[in-house]
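Same chain, two partners: chain A is paired with chain B first, then with chain C.
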Partner chain A sequence: MTVLARQAVLSPLAIFSFGISGLIVLPLLYVVYSAMKADFAIWQRLWSTRIPELFLNTVSLAFGVGIATLTLGVSLAWFITRYEFWGRGFWEWAFVLPLAIPSYVLAYVYTFLLDTGGPLEQAWQVVMGPEAPFFSPYSFIGALMVMTLNTFPYVYLLAKTALQNFNVTFEEAAQATGASQWATIFRVFLPLIRPALVAGLFLVTLYVVSDFGAVSLLRFQTFTYAVYQQITGRYDYAAASILSLLLVSFALIFLLGERWFRRQSRYYQMTGKVRPPTLMPCSVSRSALMTGYCVVVFGMAFALPTYWLVQWTSEAWAENEIGTEFLTYIWNSMVLSGGAATLALVLGTPLAYLACRHPTRLNTLCIQGAYTGYVLPGPVAALALLILFSSIPFLYGTALVLVLAYLIHFLPAGLQSMESAIQQVNPNLEEAAKSLGARSYQAFQRVTLPLVRGGFLVAWILMFLQCMKELPATLLLRPVGFDTLAVRIWLEASEELYQLAAPPALLIVLMTIPVVMLLTRKNWQVG
Partner chain B sequence: MNSQTVMQSPGTKKFPHSQFQGESSPLLHLRHVTCAYHSQHPAVRDISLSVNQGEILCLLGPSGCGKTTTLRAIAGFEKVMIGEIYINGRLVSSPTVHWPPDKRRVGMVFQDYALFPHLCVADNIGFGLNQWEDSQRKSQIHKMIELVGLADLERRYPHELSGGQQQRVALARALAPNPVMLLMDEPFSNLDPDMTIKMRKELYHLLRQTKTTSILVTHDHDEAFAMADQVAVLHEGNLVQCDTPETIYHVPSCPFVAEFVGQADFIPGNIQNGKVETELGAFTNQGGYEGGANVLVMVRPDDLQITKVGAGNARIESRQFRGSENLYAIRLASGRLVHCSASSTEIYDVDAPVGLTIIATHTVLFEHQS
Partner chain C sequence: MKKHIFDRNPFGVSLVLVSLLVVCGGSPANAADSLTVYSGRAERLIKPVLDSFQQKTGISIRMLTSGSTELLNRLQAEGERTPADVFITNEAGTLERARELHLLRPVNMKEVERAIPSPFRAPDNSWVGLSGRIWVVVYNTSLVNPDNLNSLLDVANPSWKGKLAIPTAGNEYLQAGVSVIRAAKGEEAAETFLRGIKENSGNFVFGKNRQIVDAVAKGKVALGIVNHYYIFRHLEKHPQAPIALLLTDQGPDGMGTIMNAAGIGVTAHTTHLAEAKRLIQFLVSQAGQKMFAELNKEYPLHSAVQTDPSLPPRKSFRVAEVPLARLSELREPTMTLIERVGLR
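Right, the complex of A and B next:
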C-alpha cells in the first residue's frame, strides 16, 4: 500500500516549477492573445482567401496519411508477428529505421526521384510506355507519399506491440465458445487492438499537421507552411497568429484524441501471464510475396533515400564541395542542441519529480503546462517568441531565443521519458532512505538519481536529436549568418542543390539511427 | 445488534493507558492520534497506545482498517491531524510539530522490502551509516550480515536474492543504524507459506535476542499471536482492543474482535437466576448483568463438545477436516449454526443428530440489542 505524502505548503521547488511552466505556456497564450486582438478585417480576409484552401489541404493530407499509414503499418505488423517468412527477424527491427530520416530530408530526396526525368519516372515509363503520365512531387500525391513513408513506423510499432502482447488465450476462448475464425477476428481481436491503432492514427495526424519541412519543400500549402510564409514573406504577424491559433486547435484535438485512446488501450492491457501468439510457417510463394512487400516499403522509405544521400555525399566529397564551413554548421548544431537539451533536463527535473511524487493540483497543472509544447508546431513557437522578443532588442536575434524555442518545443518529449523513469522508481525506496536518516534531497541524490540516470540520459539524447533536426523555428529565429545542419539542408534543397544538401542530411540520419533503435527497444515514442 | 462490554478476566486487566501512567515511561506513546487523507474520512481515529522498551506490538486488522497508516504516522511519513506521538518521551508528531522520518531514528521494513536495486547487499545495509567512520561502518555491516545469516552474499544485488534473503537484507538494513525501534509493514506477505513460518521464527528470536522494540503490522492473527507481547486490533480506523494475545483471544472486547481472531458463534441468551440461559444450556453470568437482560454468548469451537451421537435435537451440517482436528458445523433446533471442534479421529456422519455439552471455563457476554 503506497500513499503519497501530502504537500502541506508551497515548497520552493513547487514555486520554481510553476515559474518554468509559466515560461513555457506564455508564448502559446501570447499567440492566442495576438490572434484574438487582431483586426476583424484580417480574420475576414483570411477567411475568404486562405483558410478554406489551407483547411482542405491540411485535413485531406492528415486523413490520407492516416489511412495510408494504417494500411501499411498494420499489414506489416500482422505479417511480422504472425508468419515465419524470409528475413522476418530483420524486418521486425528494420521498419523503425525510416524514423531516422527527417521529413524534409525524405521530401528533398523525393523531389529529385519523382521529378520530370527523374529515376522513378524513367523506371515507370520503361514499364508503362514512354509517354505514361507520372505524378509530380509538388502535389497532394507527392506530399501524401512522403509523409506516409515518413510516419508509418509509428503505426507499425504500436500495432506490433499490441499484436505481440495480445493474449492468444482470448482468441482460443472465443473459438472454444464456437466462434469462427473470422468472427474471432472481428469480435475479439480487432476490438482489443483498436485503441492502439486509433492512438497511432492520431499520433500520425498530429505529426502531419505539425510538419513544416516536408510540405515546405513540396510546396504543399498547409497551415504550418502558411504561417511561415506570413512571417517571412509578408511580415504579417497578426495573420500568422490567426492561422497559428487554428493550427494549434487542430493539433490539440489530435493530441487529446491520442491521449484518450492510449488510456483506453491501457485498460485493455492484460495483467498476469500473457501467452504470445506463435508464428505460422508459410509456403515459398507466400513467403516471397511478403518479403517482396517488405522490400518495396523498406526500399522506398529508407534504403533508396539513404542510397542517394550516400551517393551525393561521395560526389560532393570527390568534387571538394565539403569545406570548413561544414564543420562550423556541425559545431553550431551541437552547441545549440546540447545547450538546449541540458537546460531542458535541468529545468524539467523538478517538474517531472513533483508531478510523479506529489501530484497535487498545482503540480499536475505545471506539468500539463509544460506539455503544451506538443501542440506548438515549430513555426508557431517561433512566431510567439518573435512577437515576445521583438520588444527586447538585446535578446532579439540571439541564440538564446533559439534555445528557448527548442526548450518549449522539445521539453515535452524529454519530460515524458523523465516522468516514466521516475515513476519506475518505487516511492518506498525514497521512504526507506528517509527512514535510514537521509534528508529529502539526499534521498533523491543517493537513491532516485542513480536509478533514473538511464531514463534521463535517454531524455537528453532525445531532446538533443530533436533540436538537431529542428527546422522551422531555427529558420525563423537563428541569428544572422548562424546556420545549423538542418537549416543548410533546407536551404540547399530549396535551390535543388542535391549534392550540397546531402552531407548534413546523411550526418543527421547516421546520428539518429542508433538512437531510434535504442528507443524503440523500450518505447516507440520517437519523433 | 451489539455494542462492546469489555469483559475482564481476573488478573489480566490491562488497559492501553495503564502502562504509561505507571513508573517507567514508554518508548513509544500515541495519544488520541487521528490521521486523515481527506478530513471528512479519517483513516485512523483517536488511537492511543504505548509500547515499552523491548516489547513487540502487533497492529492487527483487516485491510483498510488503518494499521498501515498508524505505522506510517509513527515513522513520520504521515502527519497527524489530531493528537500526539512521543518517541522516547519526546514529542515527534502533533498538529503543529512534525519531525521528518530521517530525524526519528526509526527503522522500517517495507512490505515490498524496498531494497535499493542499484546497491549490493552490503551497500544496502550500510545505507544509513554514511555518517559513520569507515571502519565502524564496515564492522557494523559485517555484524548485521552475520546477525541475519547472509554471509557470502554481501556482493549480490537484490534481484539475485530469494524472497527470504531479501527480507533479511531489509531487516539488516533497518537495524544497522541502531534505531530506537523497528517498524514492519506486513513483513511476511511477500513470502510463500513455508517460508513465512520459518522467517517468523527467525525474526522472533532475532528481535528477542537484540531486545528490539518492534511494531509489526499484520492481518494474520496467527502471526500476531505468535510474535506479539501486545496486540492492538484496529477496525475501520478505530482501536478496538489492545491486550495480550491470550486476552484478545479469550476475552475479546467486541464481537468483531472475537470473530477476527478465530472462529466464534454468538448465541442469544437471557439472564435468569444469575445464570445465562441459552438453547445450549446455562452459562455463568460473568458480566454481572441484571436479571431479565438479553445478552449474546460468545461460543468458540473448543467451548463445546459433542456428547451424544444418534440422539439430540441438533444435527451435523458439515465437517471440515483440518488435520489436527475436525471442525463440525452444527445446526441447532432453532436453526442457528454453531461450530464445534472435535479431535482428528472423531468422525461422525453428516446429518447425524447430536447432543452438545458446554465445556467452557469462562464466558464472554455481549449486550444484545434486537
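Right, the complex of A and C next:
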C-alpha cells in the first residue's frame, strides 16, 4: 500500500483531482480573502450583535433536526424492513417522495397552512376552542418541523438499505448467546448500521446549515439567512463573508469529526454470506398503529403540501395563467440539472477514488476541500462566482456558468455516496485484476465501476435533485431571458402570488418523482 | 475491451448536454434595435408596458427579472461588459446606490424634467422615478377610531400593544420609511418609533405585506403598516373587508406621508443609448405614466396624469420632503439602528 500511495502522489489523476478541488475551493478562498480584508470594526459589530445568537440558532437547529430525522428515519426503516403491515410495499417507496419537494416550497406551503387564520389553525381551534393558542411557523419549532420533514428521507433511505443488507446471523448469534433484546440493539445492531446513520446525519446536517430557502421564508435566524440579509439589506459583502467564514469553520470541524468517525468503522461488505432479515407478521392493532404512524408522517411531508400545490395550480389553470412558456422552463431545468449532475459525476470520480484507495495527505485534503463547496452559503458562493467569472467572456453570460456553479455547490452531495460505494468494494479485487496484468484504469473500469454503479447512480440523483431546486446562484448568474422552474417559483412567490408560484413548484415535484423513485431500487447499494 | 471506455464513459453524454446548454442559453449578440432590461419590478407589473413600447417602436426588449439587490450586484460585477441597457427597480434607494457606484449615466432630457418633479429623480438625472407608492397605516374600521391617530409615529404608543402588525426588518420600505423618519424627525424619534413598534407588534411580524392586510381585515390586529396598494389588492378580492387606508402626518407640523418610487436608470456602459432614451421618453409620457402606475394602483408622478379613482387623490395629501436621492446615504445608519433595536 505504501508503494501505491507514493505513486499516487505523482500521478496525473492526483493532479487532476487537485485541480477540481481547487476549482471548488475558489469561491471559499475569495470569501476568506474578503473576510480578512474586512475592517475590524465590522467583526466587532457582528460579534456584539449577531454571532452568539446565530451560532446558538444554527447549532440547535442542526442538532434538533439531526435527532428528529434519526428518530423518524430509523423507526420507519425498522418497521418497513422488519414487519409485514398494511401497505408496507407502498410505504417502502413512498417515504423518498418528500425529497422531491424543495425546502422553500415546503416552507412556503406551511407558512400558508400555519399562518394566523390559516387552515391548520382553524382546524385546531375547531377542536380545542376558538382562542386556543397555535404555534407560529416563524419559530424554532416551525423551522425544525419543515427541515425535518424535508430531510428525514436521507436517513430513512440509508437506514433502510443498511437494514436490508444487514446480516441477521450477527443478531441471532447475540441472542443465542443470551444477550437481551436491548443489548442486541445497542451492542450489535446499532454499531453495525452506524456508518449508514452517520452518512445520513452528515447529509442532513450539511443540508440544514447551508439551507437558505426554508429559513429565510420562516425567518429563523441562522448563519445562512443572516448572510443573505447582510448582502441584500446593507450591500455588505464583508460582513457576509465573515459570517460565512464562521459557518464554514464550524462545518469543517463537523466534517473532520465525521471523517474520524468513519475511519473508526471502516468495513467491507462481503457478498455471498449475507442473509437478510425476514418480515415478521403482526397483529391487527400493531399493524394499525404502524400504518397510522406512516400516514401522519407521509401526509405532513408530502401529501398535504402536494395537495395544496395541486389546488393552487388548478386555480391558476382556471384563470389561464399557464402557457407554453412552461415547456421552456422545464427544458432549461432538465438540461441544466442533468448536465451539471453528469459533469459532477465524471469530475468527482477521481476525487472519491483517490481518497478511498490512496488516502495520502494531498488526496484527503482534496476531498475535504471539495466538501466545503456544500456548506458555503448559496448567496455568498453565488456572488463570489459572479465576481470571479464575470470577466471570462466565453463563459459568463451563458448557461455554462450555472453548470459550474452547481458543480461547485453540489458535488459534495454526490461525493458522499460515491465514496462509500468505492469503499465497499474490497481493494483486493482491483489488486487481483492488476496482478493479472490489467492497468489501473482497466481495473477500475472493469472491476470497480460495475460494482459501484448503484452508488454512482444515487450520487447522480442526489446532485440532480439539488440542482433542480437551486435558487440563489441561478437567480444571480442566469443569462438574460433564461428562466428555470425554480426561478419562476421565486419570481411569483416574491410577489405573494400563491396561485402562480404553485405550477412551477408542482412541475419540479412531478419531474423529480421518477428520479427519486430510482433511489428505491433494491440493487443500488451493492451494484 | 477498449470499446468499453466509450460505452461507459459518461464524458460524451455530459459534453453533449453541456454544449446543448451553450446553444440554448447563450446570449445572442446585441441586435441593433433591442434593449436589455434588468428589472427588479415584478414581471407582471412591467411586461405589459414594455410590450406596448415594443409594439409602438419596433425595439425589442430582452428582460432579466430578479431581486433589485441581486441585479445591482450583478451590474457591479459585470462592469463595462454588462449586457444591460437600463435598470428598473421598485425602490429609489437602490437606484441611487447604483448611481453612487457609477453604474448609471445621467440623461439630459427635457421630457423628464417637465414630467417628473425633482424630488423623484437623481440630481443629475441618472435615474428617474416613474411611479409613487406610499407607506401608510391600514386599520380595521370596526376596531379603530382613526381620529386617535394623527401621526405614523403614534402607532408606537403603548396603547396599541398587541394590536399592531409590522413587516420584517428586511423589508425595504420599512428601511426607507425609517430613513425618512430619521431625516424628518431626528434620530431619537426614529429610535422611539422602532422600540415602540417592536413592543407593540409582538408576534405579528410578517414577511409579506399581504399577510399584514389579512391580519388587519380579520381583526387579529387593529393596525398595520404597509405599502398602500396591498390594501386595494385586498379590497378588490374582498370588497366588504373592514379595512381602510389612513393618511397621517398631514398637520402643519407633520412630516407628510412617506412616499417611495419605482424608477429607471440608463446603465453607464450601454451600447443602446438612443433606444434607452426612447424607452424613458415613453415611460414619462402621459400614456406611459398611466399604464405604468395603473398596473399596480400606484401614483403616477406626472402631475397631469389621473390617479386611479379608487385611491385617495394625489392632491389630497402632502408627501414628506425628503428627496429620494437621500435614501442611499441614510441607509447604512438606518440599518444599524434597526439592528440595534433588534427588529426581526
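Everything below uses one rule, namely that the second predicted complex is superposed on the first by the 332 of 527 C-alpha atoms of A that agree within 3 Å, B and C clash if a C-alpha of one lies under 4 Å from a C-alpha of the other, contacts with A are read in each partner's own complex, and residues count from 1 in each chain.
Operating definition for what follows: a contact is a pair of C-beta atoms (placed from the backbone, for glycine too) under 8 Å apart; a residue touches a chain by one contact, two chains touch by 3 or more.
Keep in mind that what you see is a predicted model, and the values were worked out from it rather than measured.
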{"item": "Chain A residues touched by each partner, larger count belonging to chain B or chain C", "value": "C"}
{"item": "Contacts of A:Q445 with chain B and chain C, given as first, second, both or neither", "value": "second"}
{"item": "Partner chain(s) touched by A:K434 [first = chain B, second = chain C, both, neither]", "value": "first"}
{"item": "Chain B versus chain C as contact partner of A:N426, first or second or both or neither", "value": "first"}
{"item": "Chain B versus chain C as contact partner of A:I42, first or second or both or neither", "value": "neither"}
{"item": "Residues of chain A that lie at the interface with chain B and also at the interface with chain C", "value": "446"}
{"item": "Of chain A, residues touching chain B in the complex", "value": "1, 3, 5-6, 8, 426, 428-429, 431-440, 446-447, 450-451"}
{"item": "Complex contacts: residues of chain B adjacent to chain A", "value": "37, 68-69, 72, 75-79, 100-108, 110-112, 114, 116-118, 127-128, 131, 173-174, 176-177, 183, 185"}
{"item": "Residue ranges of chain A touching chain C (in the complex, touch as defined)", "value": "45, 49-50, 111, 115-117, 136, 138, 217, 219, 221, 229, 231-235, 331-332, 335-336, 338-339, 342-343, 345-346, 383, 386-387, 390-391, 393, 396-400, 402-403, 442, 445-446, 449, 475-476, 478-482, 491, 494-496"}
{"item": "Chain A-touching residues of chain C, taken from the complex the two chains share", "value": "1, 4-5, 8-11, 13-14, 17-18, 20-22, 24-27, 36, 42-44, 62-67, 69-70, 72-74, 77-79, 81, 83-84, 97, 168-170, 175, 203-205, 207-211, 214-215, 218, 220, 331-332, 335-336, 339-340, 344"}
